[in-house]
Structure formats: structure tokens, C-alpha cells
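Below is one structure. I have some questions about it.
Chain IDs A, B and C follow the sequence of writing; residue 1 opens each chain.
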Amino acid sequence: MRSTSGHPGIDRVALLEVNDLRTAFHTRNGIVRAVDGVSFRIDRGETLGIVGESGSGKSVACLSLLGLVPQPPGRIAGGGAVLDGVDLLSCPKEVLRGIRGRRVAMIFQDPMTSLNPYMSVEEQLMEPLLIHHKINRAAAARMALQALQEVGVPEAAQRIRSYPHQFSGGMRQRVMIAMALIGKPDLLIADEPTTALDVTVQAQILDLIVQQQRQRGVAVIFISHDLSVVAGFCDRVMVMYAGRVVETADTRTIFREPKHPYTRALQRSRPAVQAKGVELCVIPGLPPDLSRPIPGCAFAPRCEFAVPDCGRAEMRLQDVGAGQASACLRVQRGELNLQ
Amino acid sequence: MLRLIARRILGTIPVLFVVATITFFMMKAVPGGPLDTEKNIPQEIKVQIEAFYGLDQPLWKQYASYMGNLLRGDLGPSFKHANRSVNELIAAALPVSLELGGLALCVALLVGIPLGVVAAIRQNTWIDYLASSSAMVGICMPTFVMGPLLVLVFALQFELFNASGWDFARDRVLPALTLGLVYAGYIARLTRGGMLEVLNQDFILTARAKGASEARVVFRHALQGGLLPVVSFLGPAIAGILTGSFVIETIFNIPGLGRHFVTSVFNRDATLTIGTALFYAALIVVLNLAADIAQVMLNPKQRVE
Amino acid sequence: MPEPAPASPTPPAADAVEPGRSLWQDAWARLRRNRMAVIGGVVLLALTVLSLFGPLFLAISYQEQDLGLGAAPPSATHLLGTDKLGRDQLARLLFGGRVSLLVGLAATGVSLTIGLLWGSIAGYAGGKVDAVMMRIVDILYALPFTIFVILLMTVFGRNFILLFVAIGAVEWLTMARIVRGQVLALKRQEFIEAAVALGLRKRRIILRHMIPNVLGPVMVYTTLTIPAVMMLEAFLSFLGLGIQPPMSSWGLLIKEGAEQMEEAPWLLVYPAAVFAATLFSLNFLGDGLRDALDVRASRD
């Protein structure tokens, strides 16, 4: 799938520009195309939300950027990802390792399992500094304490030598965030950071990420399956389905004028916006089997607006005006008005 | 933590008591004793010998006095080794067995752990198959097979070592290898399994995402958790090494505790048998406790209780 | 807003419904794929058949002595050589195989029976009974059994039946723990509650529902116990406390071979090789079974 840029003729040099990324997994049951031609860009200080259901490829795409996909059975089958002149997908391993944790940091969904249970929080906070900077342990320890305080962990000085299991879920995620930001990266990738947390804590963590983003001006890619979480926070949103991008736009536009049936269906299927007492509106059918080649639009089998052409024509992301791009054939042809 | 140790030590006393009692009555059930020689002994001397060993007393009295001596640390005189007490004999033999066991344990750990780590980080490659198969050989070769084979090759064929004896430093090599390589096999497998499990966990991904090198990931992050199965195996491993030393000391003619135990059983030397059996039991128990403590130290989650 | 058009034009790729596979079929398929386990099974089978039926085809019995010949290296008449009493090694090896395998199976049977009974009673009864039974297991676990077995064999003489009772008695503890763990886990599972709700009698529940599910780990552990037991028997025979001549077992043959290693290395090498091969096979088979039956480990 080829892409035309989601931003018409902007001269800014993007922080990260991803072009036609393809990642596949070679399994016993076939080759699963988890990421099938994904392109996007993100500028310095910008916040991009990537939304999609499980299996849409949103996590795998970001893991691919950092070379964190286990190489057998995974394989990056094509594409480029340029960060400040360096192509992450084809640079030497040492260069990529130098970028991880230093220029680009990543936090994950479950802070209980994502923190090393055998290392103290202090050690784990210090680690990015010790790996990437020539700094002595005392200085690193001081910075670790400061980082912990900045993310709002109370009594940080007493608790910094404790182990992860001695913290609550929300506190652990704060530790993760501190750990990711301590090296002052240019880009933070947050892979569903609030999904595993209690509802009450989710809001706090979101606020923390927003605050840190504003203070430091770090670019954030926020991955989520929940549109509403992304809505309050990101400048732009990218919707993915079956390993492909179906729509990108800035946040307000995508909510007010979705230009892809899937985006619209996602919005409408949120229980919170539906009238009570009426049958729940859901998207019928199941996501496709990614080990088989999918002709045409991947969403067509479940789409209420599909026509035979949808299953035949090559699916491309195309500008549809006002900084918005859609992969829907009918929207591109102007046949469909989703309002 | 200290309370845990104290409780465990107290718990071992009944075990030792049971061991002593069972061994005592078993040896009493066996025919033969200090009077079991070919020479014809005049009656007065027989009476004297019996009195010396307390054999003229009723059974319960013998038991009671033996237990009493035990509490004072006196294991009694040997039935067969004239004029030597069991305490003496054990004191002479113990350092030898400890040295053998210690060396074997070192071999087991120094060979087994690296083998397991290498197999895990190169999973499913030829390195892994080679390492895992080697480990399997160690597991499937009992000490009394490995020992004679090693002697056959290295002592008889290539004449690099003596086939038996304990006089020179060189003599340590074959026995320690024989005893240690078997357990190296088990430890290699456990290490491989433990490492594989840890390497699949989320926090390893986090470490990589922080830019840690593979070496750092393996040694700083994965190893501590990966070795947990090995540490819990240390208890049985030590027990196995100690009992395995019976055979090793017999094959290589090493003057250790194991050889005493085996020969005392055959010689019906009751006090020596009980003494050595007790000693082994106590040793196993103490070393098990040390292994448990090590396990707690390695796993922070267990420390905070 | 227009009414949504009914149904999608192309239904999602409808695969033919995969025939359901029971846990056992699944495990069997996985076991078959494990090359080492299959090799192990084949070798084991071959050795067992040879040991059971081989002696019937041999012209020479294992007891026949030829004192004039003494210890002779392998030749046409004596394929694996002879020992110092002129007895044919091949015959002794095969016969020893019978004995070793028999002792291995019998001792494992003993430990299996005791362990299974102890564990399931403790697990099913629960409460105080369970606590007491498992406490006994804990205490027994701490005792150095090998020492006791050695004493036992010395005290009560070299009785063949006593041998595998003694060996079996060493290994039942872990089996009991495994069985109890399984039973406990099963008790809590919903399908047992369903059976109870359906009004099935306790005995029926145990027989038809619990036991098949306990069987998996039990099978794995049994396959791994047999080599351990065989090693213990060989260990005892090596110390002179196990099988006595003129009967032979692999352990005994190894002992004799070790004693005459310098003059007659063939007496050591063949029994050692066969013994190791058997243990190899059993271990690979046991590992394969464990991997095949482990539902969690779907390494696709």
C-alpha cells in the first residue's frame, strides 16, 4: 500500500518519518502480515495517537521501529523509518541500540511485568543514564531521585531503593514514565500505558503524561484501543485496521468528520455514547485472518457501505482535504458522505 | 529472617533423632559385632569386651546410654577399628569428603551454569543442541559408570592421572569431575529452562527498549531470575553429591567418610555406621538450610516477609 | 441518517470447521513431532524386546561357565566377549536387561501405587487429614533415604522382592506431592462442581473425571522415575547390596566391568553403553511427554 503524505506540502523536517513499513511473522500456520504498508510522520513536540483494535498492528509497528520485534519469527519485510537522517530499519545494530532509551523511549502496558522484579527501582531508573552517558553512579543516583520526584511519587527518597512489587500499579507506571524520560528522549512511545490500570488511576497517569509532554516538549506516540483516551490528549490521530492505516487527521476533525467507515463505527460503538435501553451498536463480524492475503480494502467484509469495487481495487491512503487522509475508496471518489 | 533460620534448625533436631533411632535399631538387628572375628577369644576377654561396648546391657539401656552419649557429642568407640573412637575416625575422614564434595559442586556449577546460559541465548541452534545433549549425557551417566570410564580413558589409556588414591593434588581431578559432571548436566538443564522462561518476560523487553546490550540483558537482568531453579535444586544436588561420594570414594580408594560408611556397614561396625549416617544426615540438613537461605536472598519478593 | 444496509457482501473467510481434538490426540501429535522423544521410544522398545525375547534365541545361557576360556574379548562365538568365569557377556547383558527393566518397572509400580493413593486421598480429603499426611511426607523428605536403603539391604539380606520395595519406597514421596497438587487443583475446577451439581456419586467423580486428568503429570513423572529407580538399583548392585550373582543386572555387570577394567575393558564398555542408552531414551521420552502434555507450552 503506498501512501501520499497526510500533510499537504509542509516544509518542516519531521522528527520521524515512516514509509511503507511492513512486518511479518513466519509461523507454522503461514506468514502473518502484522504490519502491511504503514506510513506516517511525527514532528518534534507533536502528539500522535494510534488507535485500533487488538491485532491491528499498532504495537508491532512501533516495536519494529526500535528493532524490538524478535527476528525469528518476525521479519521486517520492507519500508523505511527515518529519525533525524538515520534509517532505523537499516542502520547497524549498535546505532539502533544507541537510539533506544536515549532518543526514543518506550513504555508498556503492564507495569507489574514490565519492571524487573529483582532490581531496585533506583537501579532501574539509573540504567538508561549509565548505558548511554558517561556519568558516575552518584550523579546518576541523584538524577534518578529527581526523576522519581518529578513524576509525583511521594516520599521518593525513602522508597527509591524499594522493589517494584512494593509499589502500587499506578506508582509503578509512574516509575516507568520516569525511567523512560530520564534520558531526555525526543520521542516517547507509550503502548497502552493506562489499559492495565484502575479507572481512577488511568486519569492520573494520563495527566502525568500530558504534563511531562508539555514541560519537556517531547513528541509522544500514544497507542490505544480506546478513541476517547486519545481524544483528550493528542494533536493528531491515526486509525489502523488489519495492519494498515485507514485514516489520519487531527483530533477534532477525526471526531467531527470521520472519513472512513471504520472510524465512524468505532466512534459509534462506544457504549458511553449510546442511548440506554437501545440494542448495543457493534461492528459485525471479526477481524480478518492476517495470514492470508487480503485483496482490496481489509474492512470491506464488515463495512455497511461496501461495494464490489472495494474488494478489488488496491487500498491506498489518500488526502481528502484539510489535513485529513482516508483509505476508503468510496470517500476518495466522493461517493460517500459519512456525516 | 533470623527467626526463619532458628525455626528451621530446631526442626532438624527431630529429623536427626529419627535417623539416629532407626539406624540404631537396624544395626542391632544385624548379626555380628566386635566379637565377630575368626580368632578364638577366651571367655574372660569376651566378657570384658562386651562390657566395654555395653553389649551386656538390655537393649533399651543400650539405646538410652547411646542417646545420652550422643547428646554430649560422643559417638562411641568403633567396633572394628581397635582403640579408636568414632569421633576420631570421622574427624580424620570428614575434611577429605568435604574437599571432594566441594570440588564436585564447583565443577557442577562452573560447567553447568555457563552451558545452560549458552544453550538458552542460542536456543534451537546447533549450539543449543550440543549443549543440551551434553547435559543429557551427564544426567544419564551414573557416577559409577562415568568414574570407571574416565579412569579407563584418562588413567589407564593416557596415563594422565592415577587410578586411585588421594595423596597428590592431581588425584582430586578425576573424582571431582566424575561426581561433578553428573550434576553439571542437571544444572545445565535447569539453567537453560530458567533462562528461557525469564528471557520471555516483559521486563526483558523493557531492558532492551532502554538500549541495554545483549550481554547486559543476559547477565544483569535475566541471570538472577534464571538461576532460581538452580538454587532450589542445590539442596537435592548437595544431598546427591554426598551420597554419590560413597561410590566415588570406593572406586577411587579415597579415605573419606563415604568409604567409612560403606565398609562399616559391611563390617557390622554399628557405632561407626550410626555415626557416619548421622553425620551425613546432619550435613545434608545444614546444607539444605544454606541453600534455602540463598534462595531467599536471590528473590527479593521472598525477602520481605 | 440512512438505514445501514443489511449484511456484508462477502462473509469472512469461512474455514471448514476443524475437527475437535481431545487433549490426548493433541498431545500424541505433538509427541510424534519431537524427534528425540521418538528416537528414545524406539530405542527403548528395541531394548525391551531384545531383553525379553533375546535370551530365547541364544544358544548359550547366561549361567554357563567356561572356566578354561576365562575373560576373552569379543569373538564369533561370544559376540560381546566373556567374563572371567567364561560366561557369555551377550547373554548376561540381555538377561541383565530383563532384571534391570523388571526391577525398574516393579519399583516404579510400587512408588506409583503408594504415591497415587497417598496423594489422592490427601488431596481429596483435604483439611486435617491432608495436613497430617503431607506433614509426614515433608518429614520423610528430609531423611536421607539412600542411607536407609543401604542399611535395609544389609540388615535384611539380599532379598529380591525387598529390593524393589525398598527402592520404590524412596521415590513415592514426590509422586504423592504431584498427585495431591493435581487433585487439589482439579477439585476447584468448575467441571467437577458441574459433576457434583449433576448429582454424580463421589466414586464416579473420582474415577471418571479426576483420574483421567491427574494422569498427565503422573505419566510424565512415572517415565522420569523409571530411570531414577534403575540408577538406584544399579547403585546398590554396584555396592554389592543389590542383585547377586549368578543373576545379572546391568548395575552388577558394570561393577564387574569396573573391577576388571584394565584387563578386560569390554566388560565395562558394553553394559555401560546399553545402560546409558536406556536412561537416555527414558529421559528423552519423559521430556517429550512433558512438553506434549503441557497445555501452556504451545510454541507455534
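Rule of thumb we're sticking to: contacts are C-beta pairs under 8 Å (C-beta built on N, C-alpha and C of every residue); 3 or more make two chains touch, one makes a residue touch a chain.
Everything numeric in this text was worked out from a predicted model, so none of it was measured.
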Exercise. Which chain pair shows the largest tally of C-beta contacts?
Worked result: B-C
Exercise. Which chain's C-alpha centroid is most distant from that of chain C?
Worked result: A
For this session: Select the chain whose centre, defined as the mean of its C-alpha atoms, is least distant from the mean of all protein C-alpha atoms.
Result: C
Problem set entry | Between chain A and chain C, centroid-to-centroid distance (C-alpha), Å | 51
For this session: Indicate the whole-number Å distance between the mean C-alpha point of chain B and the mean C-alpha point of chain C.
Result: 25
For this session: Express in whole angstrom the distance between the two chain centres, defined as the mean CA positions of chain A and chain B.
Result: 55
For this session: Name, in rising order, each residue of chain C that touches chain B in their complex.
Result: 139, 142-144, 146-148, 150-152, 154-155, 227, 231, 234-235, 238-240, 251, 254-255, 257-258, 261-262, 265, 268-269, 272, 275-276, 279-280, 283-284
Problem set entry | Residue numbers on chain B that touch chain C, as the complex places them | 12, 14-15, 18-19, 22-23, 26-27, 29-30, 136-137, 139-142, 144-145, 147-149, 151-152, 156, 239, 243, 246-247, 250-251, 261-262, 265-266, 273, 277, 280-281, 284-285, 288
Problem set entry | Contacting residues of chain B [partner chain A, same complex] | 201-203, 205-213, 216, 220-221, 224-225, 298-301, 304
For this session: Spell out the part of chain A that touches chain B in their complex, as residue ranges.
Result: 66, 68, 97-102, 105-106, 108, 110, 113-119, 127-128, 131-132, 163, 165-166, 176, 179
